[in-house]
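Quick one: this structure, given as structure tokens, is what I'll be asking you about.
Should a chain be cited, it is by its letter among A, B, C and D, assigned in written order, with residues numbered from 1 in that chain.
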Amino acid sequence: MDHEQDIAAGPLRRLETMLLIRAYENQLVELQRNGAPGTCTSVGQEACAVGVVEALDVRDRIVTNHRSAGHLIARGADPGRLMAEVLGRVDGYCGGRSGSLHISARELGVVLTSTIVGGELSLAPGVALAQKMGKGEPGGIVAVFFGDGAACEGIFHEALNLAVHWQLPMLFVCENNQWQAFVHRLETMADTAIAEWARGHGLPVETVDGNDVEAVHDAAIAAVAGIRASGRPCFLELSTYRQRGHFEPDDQAYVDPAELQAWLARDPIRMQRERLLERGLIDAVGLAAMAQHTRERIETALAFAQASAWPAPDSLLEHVYA
Amino acid sequence: MDHEQDIAAGPLRRLETMLLIRAYENQLVELQRNGAPGTCTSVGQEACAVGVVEALDVRDRIVTNHRSAGHLIARGADPGRLMAEVLGRVDGYCGGRSGSLHISARELGVVLTSTIVGGELSLAPGVALAQKMGKGEPGGIVAVFFGDGAACEGIFHEALNLAVHWQLPMLFVCENNQWQAFVHRLETMADTAIAEWARGHGLPVETVDGNDVEAVHDAAIAAVAGIRASGRPCFLELSTYRQRGHFEPDDQAYVDPAELQAWLARDPIRMQRERLLERGLIDAVGLAAMAQHTRERIETALAFAQASAWPAPDSLLEHVYA
Amino acid sequence: MTRMTRMSAEQAMHQALREEMQHDPDVLLMGEGVATKQRDLVTDFGADRVRNTPLAEAIIAGTAVGAAASGLRPVIDLLFAPFMAYAMDALVNSAGKLRYLSGGQFRFPLVAIGMTGTGWCVGAQHNHNLEAMFVHAPGLKVVMPAEPADFKGLLKAAIRDDNPVLFFADLGLLHQEGEVPDADDFIVPIGKAALRRIGSDVTLVSYAKTVAVCLEAARQLADRGISAEVIDLRSLKPLDEDAVLQSVRKTRRLVIVHEASGLCGIGAELAALAAGKAFAALRAPVVRLTGPDAPMASSWALEQAAVPQPETVTDSVLELVAYGASAPHWLGDALPGGAMATEPVLMKSY
Amino acid sequence: MTRMTRMSAEQAMHQALREEMQHDPDVLLMGEGVATKQRDLVTDFGADRVRNTPLAEAIIAGTAVGAAASGLRPVIDLLFAPFMAYAMDALVNSAGKLRYLSGGQFRFPLVAIGMTGTGWCVGAQHNHNLEAMFVHAPGLKVVMPAEPADFKGLLKAAIRDDNPVLFFADLGLLHQEGEVPDADDFIVPIGKAALRRIGSDVTLVSYAKTVAVCLEAARQLADRGISAEVIDLRSLKPLDEDAVLQSVRKTRRLVIVHEASGLCGIGAELAALAAGKAFAALRAPVVRLTGPDAPMASSWALEQAAVPQPETVTDSVLELVAYGASAPHWLGDALPGGAMATEPVLMKSY
């Protein structure tokens, strides 16, 4: 796609991808209500995933965490295989062994995922070191997604120091969604803490509105270019909000309704939709078509996942060792 | 002791304590040459120990690490019982169970010691929390001593965040002796890294010449006063140098001789001696008397330690559980 | 008569915490979300004593150790057992060792709680029965109850104990209900197993979720005329060796069942115990029925396949009893002219 | 004939590293001071492949796991085994589980080295034989050699293995010398025990430092007419079950000796193995002689008291053989009119 075209197509594609992520996760919520395993949805954080992942290319690798649906779908993951994985079926990306919490998809470059908070930060420098030492495609970088909670873990400090000191090509992406499971982050740190902690490590740090997909995208494009040029890490803090509970189901009784309302008013999908309408890049008909297409993809995905078989009990010991 | 007197007596006492620490550790070096277990000496870092510990009072608690002889002696530990501990004898502070690496002396307020690098940082906030919650004497603070190496461990970040966020009365004392066992710290971090990391946590941070015992003492007095007044933590980075090897014996073949020479020229004991001579606070006779007194104390200590019995083999299971 | 209230294991734990916080002002609770999830404790005992923490298990545990040495009695909720990997230094190197290394100068009265086990399809990074690691480590105590009353009584005992206690809560049991004594001096002593069913032909030893598996197997076996004794260990360290040995000396057959994997697990310890100290009594091989030596998968189908089932226990016992019945043949050449018997394969293999 | 060179275990490890770095450009070495202490490797293979790290075990291990999944073959030196407490998440939750949880998408060819054991009077925070914790954890392999040749051959095998391998080096052996094959294709397969002495009356199973203790005991026993077989496990996971079972089926008596503490240790696993799969062959209780269930003290006197000594092994075997000799009495009521024998107390107690 040429540059001119992308300027028009990019924002539309980003809206559509955000819609797909949202629809996929809403489907998971419904499945959970009907007895499927719970998941950590990223509802409200779609702009972070889409804005950053679209700034990466095929050489790059992604390391993520328990709230990964956005990163996977933005990278092109098949919602059917994702859903099959969540349901524990053989056609899931990990054959049902992962479930929702640690989905990796090597074929997409989503290489490692840990649901141990901070695990993503522990693993990512090694992936970047391998890239720097000639494994993978030349020029590739690693984007590691983690939360404000993970920034409290000691491994945050260790990973940053190693990345800076060893000059690893890494994009640290902190999705600061204000919550650490059932604890508001301001109960655990100062307001500007994460960026300050990162700055103490002496790498470029940017704080971006994580609900504005274009702002995220611009910042990510610049950061990725900087990393490729310098071989050194960059840090993005994206302020956003976890609109739903920590894990389905969650009544959010502990959430301040005013804070939630304020953030719902800045919903990333709504913001992007309004921007595109304003700029005349889409109209009501276009939006309806997009919604319809998204709905169809999720229906197909659901049918695929539900038709997928359970893993055979006698496969239990497969893949323990290489 | 009244304030006027202390102004004169303090510097002399600090010199004498530094001499005692040095003599004690030199004795350990000699013992090791004759087959006793090796130790991590703090030769060259005596000003850090003495300057800080003299700023504490009886309410305060100390948490330290593997390089603790200075902290213990400055706090009034008996060199005989320390030496007995190093030799693994029953009259050691820990009955020979610790050896040199984890000596604690509850009676002196040297409450916990870990030889897992970073262990001191892991334990100290809990001691401070207990003090804040009314255990121990009112107004007491915790001084935690750790190295530049420990600052690389993730627990450094976790401990600082907790101390700041929970407003714990803690004095973080980083003895930046430029070495992390056999690795120069500049191989592992940027030059000003430690202070910057600490500053990212938003607490008062001071960097002090760790070989100047009076400068350390002044900074510690101010920090302790600040902590007592505010109930909040402070951070001191003391730049100093590990003059001997990491652990006895160690040929220091990996040490840059020019760097070592430069720091030897700034030996803390020499600096304090010269200062006191210059100011007329001591003369050659006084120095000789001090040296003699120190020598005698170490001889007594050695005799005591060597006369102490080995722990009985059948006491092996004592003190596993309370 | 003891007054009882019906409640879930989770409620029983909460009651234990509440009673012990009432009983001793030095008890405090720390963890990620403990204050959010147990607001009533914050209300009654204050925010000082019920503390949400940063998401940082290492410092939560380290702080508990430091506080315990300084006169408090912290209880820390580390959420899921595998998260203890971050707290390992504080728990193993500090809590377990520093009393000893200090020559007894300090004690470390603290409790670390972790959930684990199948039932939620959450996979190996949440579901890892790693209690045996802490049994192997010196200086710690380890408990893992099976019934709501024991959740209460053991948690209270753990809080009152002057040593570090790891308290493992089997996820699958947390919402199961049972009768729990009301008395706030109700304590289940650490180190005492519970005899859940009396029997004479075989001893089934288990803990946590699989106690129920053994009880169900015992019922199935009773229908076939076999009398199984069922022991619920409750404490994994110290182990109630006497209870197990006494039972094995009576029944002469031992089957150990647990969800944790087998290698160097609790079952290994108990089998070794029997082979060392009840050898003369044994009339058949010691059998271990355990989870596989594999990470736990999320898929419900694989989770189910990983857990010992009552039928597996029943089948193993039937095999064992048959082995014992044809007695002297297996004595091999200890008997005149006897040949070496081949060993039956009794370890559940996946 | 195989050409040999006499060298210490430490030199053998160094040679293994050098050869494997030569053999495979993907091998790299990371750790606190590895580049300082092994300058020659930096010279020959470059600073990229021999990396001093910050003092931060968690990220060293995590980086190794990430790099292994991405095509490198990292070897990390974590110095002393207890420091692995900081690396537990990376080793147990990531290296051991992520292949499985990913449905086999990744493999984790990495080696983590840790020293441990008595001999240096350094106390429990350096000296903690915690290898059994990693045996219990899924997805890992664990080796712990006793002879210089095995230090070389097992380290090479570990580096070539496509799975995470924990390599424990017994401090007390590092400076002991032995003949080591020169061949750079000399590999000691992981999972194969070594028969160090052939015997017929009792099987002594051990690993690392205490293999020598068993060999010395075997010599003492030979003087008294008792023939002891000595097995050096070398690999703790996978365990060479066949080697142990075969020997026990022959000698009918089993004594397991190790420096690590007993509860849920390797000895427990082996005793359970014998009680499960060689039961018919056993003629006497299975004995474990292990380190105490206590942190290791620094004092030389206490360190010595903690380690199994040849005399303890010899005494135990003498007791066992006597037990076997008066054979049928212990069969209790399996024989007509027999009474229950009392069990001898054979576990070394402190």
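Throughout what follows, a residue touches a chain if its C-beta (ideal position, glycine included) is under 8 Å from a C-beta of that chain, and two chains touch if they have at least 3 such contacts.
Small disclaimer: the values here were computed from a predicted structure and weren't measured.
**Student:** B-D versus B-C: which has more C-beta pairs touching?
**Tutor:** If we tally the contacting C-beta pairs, B-C comes out ahead.
**Student:** What is the distance, in whole Å, between the centres of subunit A and subunit D, each centre taken as the mean of its C-alpha atoms?
**Tutor:** 42
**Student:** What is the distance, in whole Å, between the centres of subunit B and subunit D, each centre taken as the mean of its C-alpha atoms?
**Tutor:** 38
**Student:** Where the CA atoms of subunit A average out and where those of subunit B average out, how many Å apart are those spots?
**Tutor:** 46
**Student:** Would you pick out the residues of subunit B that each touch at least 2 other chains?
**Tutor:** Answer for subunit B, listing residues that touch two or more other chains: 96-98, 102, 114, 116, 118-119, 152-155, 158, 161, 165, 188-189, 320.
**Student:** Quick check on subunit C: which residues sit in contact with 2+ other chains?
**Tutor:** Counting only residues that touch two or more other chains, subunit C contributes 53-54, 56, 58-59, 82, 85-86, 89, 93, 100-101, 123, 125, 138-139, 293-295, 297-298.
**Student:** Line, ring, star, complete or other: which describes how these chains touch one another?
**Tutor:** The chain contacts form a complete graph, every chain touching every other.
**Student:** With touch defined as at the start, can you tell me which subunit A residues reach subunit D in the complex?
**Tutor:** For subunit A paired with subunit D, touching residues are 61, 63, 92-98, 102, 104-106, 111-112, 114, 116, 118-119, 121-131, 133, 135-136, 154-155, 158-159, 161-162, 165-166, 318-322.
**Student:** Can you check the complex and tell me which residues of subunit B touch subunit A?
**Tutor:** That would be residues 152-158, 161, 164-165, 188-190, 193, 196-202 of subunit B.
**Student:** Quick check: in the complex, which residue numbers of subunit C touch subunit B?
**Tutor:** 26, 28, 48, 51, 53-54, 56, 58-59, 61-72, 74, 89-90, 93-94, 98-109, 138-139, 141, 162-163
**Student:** Flag every residue of subunit C that touches subunit D in the complex, lowest number first.
**Tutor:** Interface residues on the subunit C side: 82, 85-86, 88-89, 92-93, 96-97, 100-101, 123-125, 128, 130, 132-133, 135-139, 237, 239, 249, 261, 263-272, 274-288, 293-295, 297-298, 327-328, 330-332, 334, 340-343, 345-347.
**Student:** For subunit B, which residues count as touching subunit D in their complex?
**Tutor:** 37, 88-89, 96-102, 114-119, 149-150, 152-154, 180-183, 187-189, 254, 310-317, 320
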